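Pasting the structures here.
Next come two complexes built around chain A: one with chain B, the other with chain C.
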Partner chain A sequence: MIKFIFRGVLRDRTRTLFPFLTVAIGVGLAVFLDAYLRGTTDSMFNTTARLVCGHLMVTTSAGAHAGEYATPELALLDVTPRQQELENSYPEVVWTPRIRFGGIIDIPDSTGMTRAQVPVSGMAVDLSPGGIEHKLLRLDRILVRGKTPRNTKQILLSEQLSQRLGLNPGDRLTLITMTADGGMAIADFTLAGTIRFGITALDRSVLLDSIADLRQTLGLPDGATEILGFFKNGVYNDRRAINISRHYNARHTHPDEFSPLLRPLREASGMGQLIDIVANATGLILTIFIIAMAVVLWNAGLINSLRRYNEIGIRLALGESSRDIYLSLLAEAFFIGLLGSTAGTLLGLGAGFYMQRVGLNISGMMRNATVLIDDVLRARIAPVTFFIGFIPGLFATLLGNAISGLAVFRRQTAQLTKEFSE
Partner chain B sequence: MADEYIIETFDLIKRYPMGRQELVALKKVNLKFRRGEFSGVIGPSGSGKTTLLNIIGSLDTPSSGSVVVLGEKVETLTPYRSAQLRRRHIGFIFQTFNLLPVYTVFENVEFPLLILKVPPAERRQRVMAALEWVGLADREKSRPNQLSGGESQRVAIARAIVKQPAIVLADEPTANLDAENSYHILDTMVKINQELGTTFIFSTHDEKVIRYLRRKIKLLDGAVVADKHAQPSGRET
Partner chain C sequence: MKKLLFLALLTGITPPDGNLLLEKIDKNISGTTRRLVAEMRIVRKRGTRTLRVRSYVKGDSAFTEYLAPEREKGTKLLKLGKDLWIYTPESDRTIRISGHMLRQSVSGSDLSYEDMLEETRLKDAYTASTIGADSLNGRPVWVLELTARKPDIAYQKRRLWVDGERHIVLKEERYSRTGKLLKTTAVLETKLFDGRWVATRATFRDMLRANGENESLPGTEFTVEEVQFDAPTPPGLFSRSSLRR
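The block that comes next holds the complex of A and B.
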């Protein structure tokens, strides 16, 4: 009987194709949407993470309070053992120390006299070629002129600022800043290259320096204003981040303002609300989508049972019970739902996968934007993506037909002969 | 013998509400049919032929009175049990042939056996036998839309008899057929009746059909006005 039904399903294209396409398209879109939203939020969070606060951020509690006004005075000390501890405790995360500092650069003229002085916002990181920061800051991509520093006492400076000051790679400049204990620190550097992040706030005055150099300048031998952690799979996992921060902070509860404090991205960036909104919006969008699909499929089921009015009448007259007919309609719906959901999932995953691998370059649209979003939109396929469309697709088809199929029970067998002769 | 009669009706009344009044479609119909009869209910349009056949075929229930088919009181059956009665013992032939268009001739005829859960090998053999009966064994792979009206009705006959039911109810089976095809299917049904002993009840006002009947039950305004056994005169010459 099942075979008989499926034979009908496969032959009667007109009754099968519309629900099949509806499910396939609906599921495909839901799947793609899921991957796309995931990818977009990842990119939004990741840019902030890469440039500002990591997926996880360890600072002193005083540094955490000071937020973006934190100075090297509030830096963490003994960074190497701390980083070691973090690496051992949370092996799924890579850690990297950074120093944020403010300062003034002094540009000499040919005679060695001050030609210009401008404030800069500095960031000192591990600039070694194979290092993790190379990837995080995308040094190869942001470099406009010159080279990334190979030797000590070399820095990178905002292209915008360099242009304004008429600086070229190889030029010399002096950094004036404050040491960790409040004294004045002065160091000479060579401009190795210029950089552009594509983010206005950063590009105005950023200066990148090697952390080793700066530690020396500041008199902070093993210090850092922050140790940033990044999930090795590249994806911010909010729940895990919160757990790690709870776990870590529970182990470091000295009431000292220099004791370390670990905060997840949602806290450190102030993006907690946004993360929640995005999570809810994603759920909401998908829910609406799935409901819409169920309604369409219910309608498809209704149209279908109208079209098959005669067939069902014949089957009732031939002695098939209403219950059996109803069950066979469900079996058909299951079959179509299964095919449609499979096709849709493959379709959505295909498109999602393309977006994950190749991405969609939107740099043209983003030229003037100050939001921290990558130039290339990417999707991300998560394990849920495989089911997010499939299960609702199947369920909606079943539900639609389960409701519309109830009409079978309302058929009056006494009317059949009359219906047939019309 | 207890089942001397295969179908009995007792004071069968069918009323339809018509606004404030009601329409009485069957008025105390008392009929008995023996196994193997080849009979027909004859009457003008609106006389209640279809209503009677529907009640006998357990598609409808009487307003009062009783119908016993194969020992079962039809009016007391649950929908499931009456479906079962139709499935096992009653074959229907309709005025419009009502084949399932997506299925082949073979599959259409196979359908009643599928709902009876007959095993595949036996199904094949019985479907082919039924198609032989109606002379369409070579069309088993055709689709209904590739058949003429006469051929379609022959497939419908094969579908009605494939489960070898005790009773075949044919509601104006020739209404959509020309003379030649009408005679052809009547000949087929006479042959089935004689060789398989299937009980046939027609509803008709077609002279051609009436000529074939061995018992003619005249219905007028829902009442039996004549019930005569006759010698079938067969095909018009």
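The block that comes next holds the complex of A and C.
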């Protein structure tokens, strides 16, 4: 019987082509959308994580309260033992300390007098070759001129700012900032190279320094404004991040404003609402997709019923029960759904795979943007992408045909001969 | 004003002319030259820092050298009219403080570099009117309201509580153009040096900082250890070349 129905589906194209195409296109779109949405949000979250707050962020309570206005005065102390504790407690996360600071760079003229002064937004990280920050900040990719610092008292500066100030690698500059105890820190540096993150908000005034150098300048031995944590698989896991933060904070409940506070990306970046929207968006897209496709297929089923009006009448007249005919229509729908969903999934995966490998360059649209997002948008195919469209595609086909097929139970055969003669 | 008239009728004391009182304040504090050694106690969230400085003032020029702590020893500040330079021995650079830097705090204190560029003589920068009478630290004081003569002056309005007899300011409030309270000064001790009354201990508070996360902090305490009026100054002191000496 199954073989018979399957053959009928394959041979009678007028019965199958439209529902097949509908399911295939719908499923294909759903699969691609899932991969695209996943990739885009990953890009947004990971860019924010890499450059701002990690997947997890430990700061002092006062530092968390001050947010982007936090100064090294509110930094964490005894970072090495704290980092060790984090590494032992949460081995699936890799941890790295950073110092975020503001300051002014003073450019001397040939006589050593001030030629220019500009405010900078600084970040001090572990710049050692092969270190985790090399990978996180993609130092090899963002370097425009010069080289990454190899010696002490060398810094990297935004290419945009360097161009504006007429600075070249090897030039001397002075950083003026505030020490951890509120004093003034003035230190001389050599420009090792220039960088471009490709993110306008950062490229205006970013300065990268070695954390060891800056600790000395700020009088902050073994201190950091933050310790950032990154899941080793590179993907932000919101639920796990929340659990880790609850667990860690429960163990560090001191009333002191300098006590450590661990926050997941959703809190540290203020992106919690966005994360929730994205999480719900996939479900919403699929629901709309199932409803829309079911309506289309219901309609297709109704047209099909009209076209097969005589066939159903004859089958009833020959003694086949309405229930059997209805079940055979559902079986046909199952096969169409199966074929359409398989084709659609392959189609969506193909497009998604292309976007994952090649991506879409949006740098032209991001010139004046202030959001932290990569210039190339990429999709990401996750295990769930393989069946996210398949099951709804099958379900929508069955649902559409189940509704339209109900007409079988209302089919009358009393005037069958008269209908044929007409 | 009504209060002043009532006071005048009641006591027979006539409120002094504000501008005249301002002139007397200027005369009391300024000599040909002034040399002072002072200590600045800066209370921050993470602890207290104490700076010791030696300053020379001559007209609208000033030279300050940090004597302690060790980390900041040898740092020098030079003011020549409207220009300000800083020199630090560790970078061996003379850096001009201008633009963004003027608003920065001096060594984490409640004072900004802009405060250091203020006109030395109040009368040249402000017009004053007497708006009331009060009592402070057990001394009768006149309350003066100062209005800036020029729009480029950092504090467009000031309110001073002035000891009319000793010609010394005992309390001060500095306001922005919009009337927002920016800084306060409270004199805690005064002393007589060479026939002039000098505030020897005072607390400065940056109210923008105090209203934020540093609400509980007391501000910056300034204690004068030595004052010498009309003292000789080292030759060539008020020049940029003296910074690297």
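Criterion: the second predicted complex is superposed on the first by the 418 of 422 C-alpha atoms of A that agree within 3 Å, B and C clash if a C-alpha of one lies under 4 Å from a C-alpha of the other, contacts with A are read in each partner's own complex, and residues count from 1 in each chain.
Throughout what follows, a residue touches a chain if its C-beta (ideal position, glycine included) is under 8 Å from a C-beta of that chain, and two chains touch if they have at least 3 such contacts.
All figures in this text were calculated on a predicted structure; none of them were measured in a lab.
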Q) Regarding the shared-chain residue A:N310, is it in contact with chain B (first), chain C (second), both, or neither? A) first
Q: Return first, second, both or neither, reflecting whether A:A66 touches chain B, chain C, both chains, or no partner chain.
A: second
Q: Considering only the touch criterion stated at the top, classify A:D34 as touching first (chain B), second (chain C), both, or neither.
A: neither
Q: Check the residue A:A180 against both partner chains and state whether it touches chain B (first), chain C (second), both, or neither.
A: second
Q: Pick one for A:L318: touches chain B only (first), chain C only (second), both, or neither.
A: first
**Q.** Partner chain(s) touched by A:D209 [first = chain B, second = chain C, both, neither]
**A.** neither
(Q) Going by the contact rule set out at the top, does A:D106 touch chain B (first), chain C (second), both, or neither? (A) second
Q: Would you check which partner chain A:D12 touches, where first means chain B only, second means chain C only, and both and neither mean what they say?
A: first
**Q.** Common interface positions of chain A, toward chain B and toward chain C
**A.** none
Q) Any idea which chain B residues touch chain A in the complex? A) 50, 53-54, 58-61, 79-80, 82-88, 90, 92, 94-96, 98, 100, 102-103, 107, 110-112, 114-115, 117, 159, 171-172
Q | chain A residues within the chain C interface of the complex | A | 62, 65-66, 73-74, 104, 106, 108, 112-114, 117-119, 174, 176, 178-184, 186-188, 219, 257-258
Q. Where on chain C does chain A make contact in their complex?
A. 42, 44-47, 49, 71-72, 75, 86, 88, 90-96, 98-101, 104-109, 213
Q.
Help me check something: in the complex, which residues belonging to chain A touch chain B?
A. 1, 4, 7-8, 11-12, 310-311, 313-324, 413-414, 416-418, 420-421
